[in-house]
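Starting off with a structure, shown below.
Chains: A, B and C, in written order; residue numbering restarts at 1 for each.
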Amino acid sequence: MQATLAEIVQALGGKLQGSPDTVLTCIMPLSLATPQALSFLSHARYAHELQTTQAGAVIVSPESAPLVHSSDVAGVAGVAGVAHLSRPKPALIVTPEPYLYYARLSQWWAARIRENDHARVAREAVAGSAAHPNPLIHPSSVVHPEARVAASARVGPLCVIERGAVVGEGSWLKSHVTVGERCEVGRDCILHAGVVIGADGFGFALDAHQHWVKIEQLAAVRIGNGVEIGANTCIDRGALIDTVIEDGVKLDNLIQIGHNVRIGAHSALAGCVGVAGSATIGQHCTVGGGAVILGHLSLADSVHISAASVVTRSIAVAGQYSGFFPLDENAHWEKNAAALKQLHRLRQRILTLERENASRKEPPA
Amino acid sequence: MQATLAEIVQALGGKLQGSPDTVLTCIMPLSLATPQALSFLSHARYAHELQTTQAGAVIVSPESAPLVHSSDVAGVAGVAGVAHLSRPKPALIVTPEPYLYYARLSQWWAARIRENDHARVAREAVAGSAAHPNPLIHPSSVVHPEARVAASARVGPLCVIERGAVVGEGSWLKSHVTVGERCEVGRDCILHAGVVIGADGFGFALDAHQHWVKIEQLAAVRIGNGVEIGANTCIDRGALIDTVIEDGVKLDNLIQIGHNVRIGAHSALAGCVGVAGSATIGQHCTVGGGAVILGHLSLADSVHISAASVVTRSIAVAGQYSGFFPLDENAHWEKNAAALKQLHRLRQRILTLERENASRKEPPA
Amino acid sequence: MQATLAEIVQALGGKLQGSPDTVLTCIMPLSLATPQALSFLSHARYAHELQTTQAGAVIVSPESAPLVHSSDVAGVAGVAGVAHLSRPKPALIVTPEPYLYYARLSQWWAARIRENDHARVAREAVAGSAAHPNPLIHPSSVVHPEARVAASARVGPLCVIERGAVVGEGSWLKSHVTVGERCEVGRDCILHAGVVIGADGFGFALDAHQHWVKIEQLAAVRIGNGVEIGANTCIDRGALIDTVIEDGVKLDNLIQIGHNVRIGAHSALAGCVGVAGSATIGQHCTVGGGAVILGHLSLADSVHISAASVVTRSIAVAGQYSGFFPLDENAHWEKNAAALKQLHRLRQRILTLERENASRKEPPA
């Protein structure tokens, strides 16, 4: 795969500084880029790398563009730059949001790498003898006759789509994906390998013998448009009302979403997060890796939870919330952890000291 | 699917107050219920919803039943009720344990929705050309000829059942389930999509080069009766003795159970829990989501671990145990976390203050 | 399966004390061993079990060997031993590292149990009609024609190996494994059921509407030799540079490895660990179960992270690091957790007390 700067700028915009005929064969970080690579400056703190990068072209903001052709960026980057006068200056694509431009470039690039991969798959399937009526459905997948898979949706190998399930236009189920009975996946979603949509929620009632009696999970899962779901992530079906993932939500790998949960549009959850049953997460929220959100809670829009934090109460105010034990050398941690188990008593002892001191301050009778 | 109150009470018991001919088409929470819905009052704190629910029928306890026909429940629920006189009062099913009744109702309901789904699957399989000798085993599954799957067990699509494995009567493996060599699944179990039974336990010895030498996991996994295992949960085979999951245990999604672990009957573990090797969990225990139980520990019966807690020692006394950092606004958390790393020294400083004060209390010479 | 001590010592070395004709049928822990069992003493703290074990043979260190034939080990083990004079003394295999010897024995034992299982699988496949050209690739697996699977590699049922992927000599993919496009698995690796290699890394840029724009993950995953990867573990492909797992790394079940991560040779990560994108872990590191390592961090060689700890900064010095809330009875935990949320203020109060006391110490004017 290769492309000229002219092709890139024509497809994605931006203001070109340099030769439109420059040929590029890959995208690389500034520090690793070769003269055949296109790179990008995502943040001013990496500006000093502009002085040393070997990249053939760099995506930059209007503010950073002048740095490429200056011989010293120390004033900007806080690093004493050494002029690499012998190095040819890279060409530039100037755009207000270089990182976003890079994201779009990566998509354009991937589409060209794929060389109409979907079409190829369809062609190969048609040529084969075991072809499914829909050539984008791999013949090894098990699709129930009463499921509805849109004509432009692609179902990779060894997926299971159960009775009454729906997969929308343009969605792509990679491999080993399960979409359970009556669950719906919207348009332009990506479900990575091993995703399980619509396993039973975890609902039981205790009987008189303290045995668990299963509560059948009668509802389903509804996933909006433009949702991406990482490998081996699980979204359980609702007990009585559907579990809902709204448009544009991004879920990383190995996430557990309990029954009846609702995740608002354009929220993003990192790997290994657990969301317990009946929790509601607002729009534009983020949840860091390994965080746990307990059941029946509600998070407002634009709430951001730090990695490995445990959310035990509803949060009504947007903002960043954290709660995890700071890492330390084990010996220090042990001492502090031991003291922590007496913290309530330490507070009492401080109070006693304060009272003693206060009584001493009183004037002698 | 629809049912009359008469049918329901005939099947599941309870005392009916209202017309036995009332037709119901779904089960819904009180707050969302329509006149065609059957609902339930699981806890007195929701009693005020009885005043406003549109449900056609409600499952209630003998204590709560009078509230439905009163015009004000403020005294009970702490909420100022407004009489909805124009609303027809719902019919009632009166039973000592409404939530348990709902659980059983959900099973009865699901069985009717399924319309003998197992039988249908078997019929379809027999009609098809690729049918497995056991019509409840999906033809896409790979079952070793030396595995034993009971006649009434159902194996969904794309499962793998290895040599010497056993699946008991009435059990249901949903899809993409793996049951490894010589592992046993009892009667009436449900294994959801992606479950892995019998992967190797994580056992290695260090050699002189500090390289890990694999310890072969020679034992297997034994799962009792009535066990339910959530999507993508893994239960490793033992090194020398079997990993054992006793009767009636319920495991949620994405749980890791290490080798040689034993989980006592009727315990329940929520999503994303990790149980390290050779741990023993008693009967009737519960473990909250994301908790970690270290290896070689023993938990007594009826021990309850809060979500996201880390169990680092054996627990001999029944009760609730917790250990996670409380969530806070990030700015507050940062200050407290910084102070926490000095907690041991703070304790020393308190001690110093106490000594100073004590010396001051001494009578002057 | 059975073996004589002579066969074992011939294969694995060690100094035999006892009859070479002793026949053994299993390996068991000292406390459970029968006269037909071979056992081992892995640590001096279990030395007292030597007095009571029924094992037919025991693997011991030169230091421990004399204990077996003494009648009292109280001085060593701290337990009052009772002489079991009627019990025949077990035979011994004396070797400097009994646990390592046991690891190697387990492999030798497993190989014999398997009775050339690979060969049998190949034979059966050749005999069957649906055989893959490579008889060690199960016919239910989907291997792209442009993937390269070495002749001695084994691919179990229902795996997916995508275009351009490589699986090296002697590696074994158990079942339901996915190896994505252009990803490489080295020699002598074991990938357990449900492993996903090469799902997309979690990379998005926010656009002006606060919607996530996907960053295509253009690189791949490279896995060295002798790597073992547990069930349902996921290793994401890199965005621009490959995610790399070096030789001899051992990953337990349900681990998430983000894009661009590098894990140094012979490191071991326990179950449910999450490693965020672009983190670098050195060689010979260990990470306990459920720990979280944030992105863009670097851990030196021989860093050891305790279970459930959160790594939020790079670690340059080898050693053990911890950070999790100590478990407590729930009532105690609640009090301490409440005090913890005021810890910063408690520190201020201590400082105030110290100032008060200091001012009092000043000599009167």
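Keep in mind that, in the parts below, a contact is a pair of C-beta atoms (placed from the backbone, for glycine too) under 8 Å apart; a residue touches a chain by one contact, two chains touch by 3 or more.
All values derive from a computational prediction rather than experimental measurement.
A rotation of 120 degrees, rounded to the nearest 5, superposes the Cα atoms of chain B on chain C. At the interface between chain A and chain C, two copies of one sequence, fewer than half of the residue numbers in use appear on both sides, so the contact is built from largely different positions.
Centroid to centroid, with C-alpha atoms defining each point, chain A and chain C lie 27 Å apart. Within chain B, the positions touching two or more other chains are listed as 140, 158, 176, 194, 232, 254, 272, 290, 324-326, 328, 338, 340, 342-343, 346, 350, 353, 357, 360. Interface residues of chain B facing chain A in the complex, by the touch rule stated above, are 26-29, 32, 97, 99-100, 102-104, 106-107, 109-110, 113, 138, 140, 156-158, 174-176, 190, 192-194, 226, 228, 230-232, 248, 250, 252-254, 266, 268, 270-272, 284, 289-290, 307-308, 324-330, 333-334, 337-338, 340-344, 346-347, 350, 353-354, 357, 360. For chain C in complex with chain A, the touching residues are 140, 142, 158, 160, 176, 178, 180, 194, 196, 199-200, 202-207, 210-216, 218, 232, 234, 236, 239-241, 254, 256, 258, 272, 274, 276, 290, 292, 294, 305-306, 309-313, 319-326, 328, 332, 335-336, 338-340, 342-343, 346, 349-350, 353, 356-357, 360.
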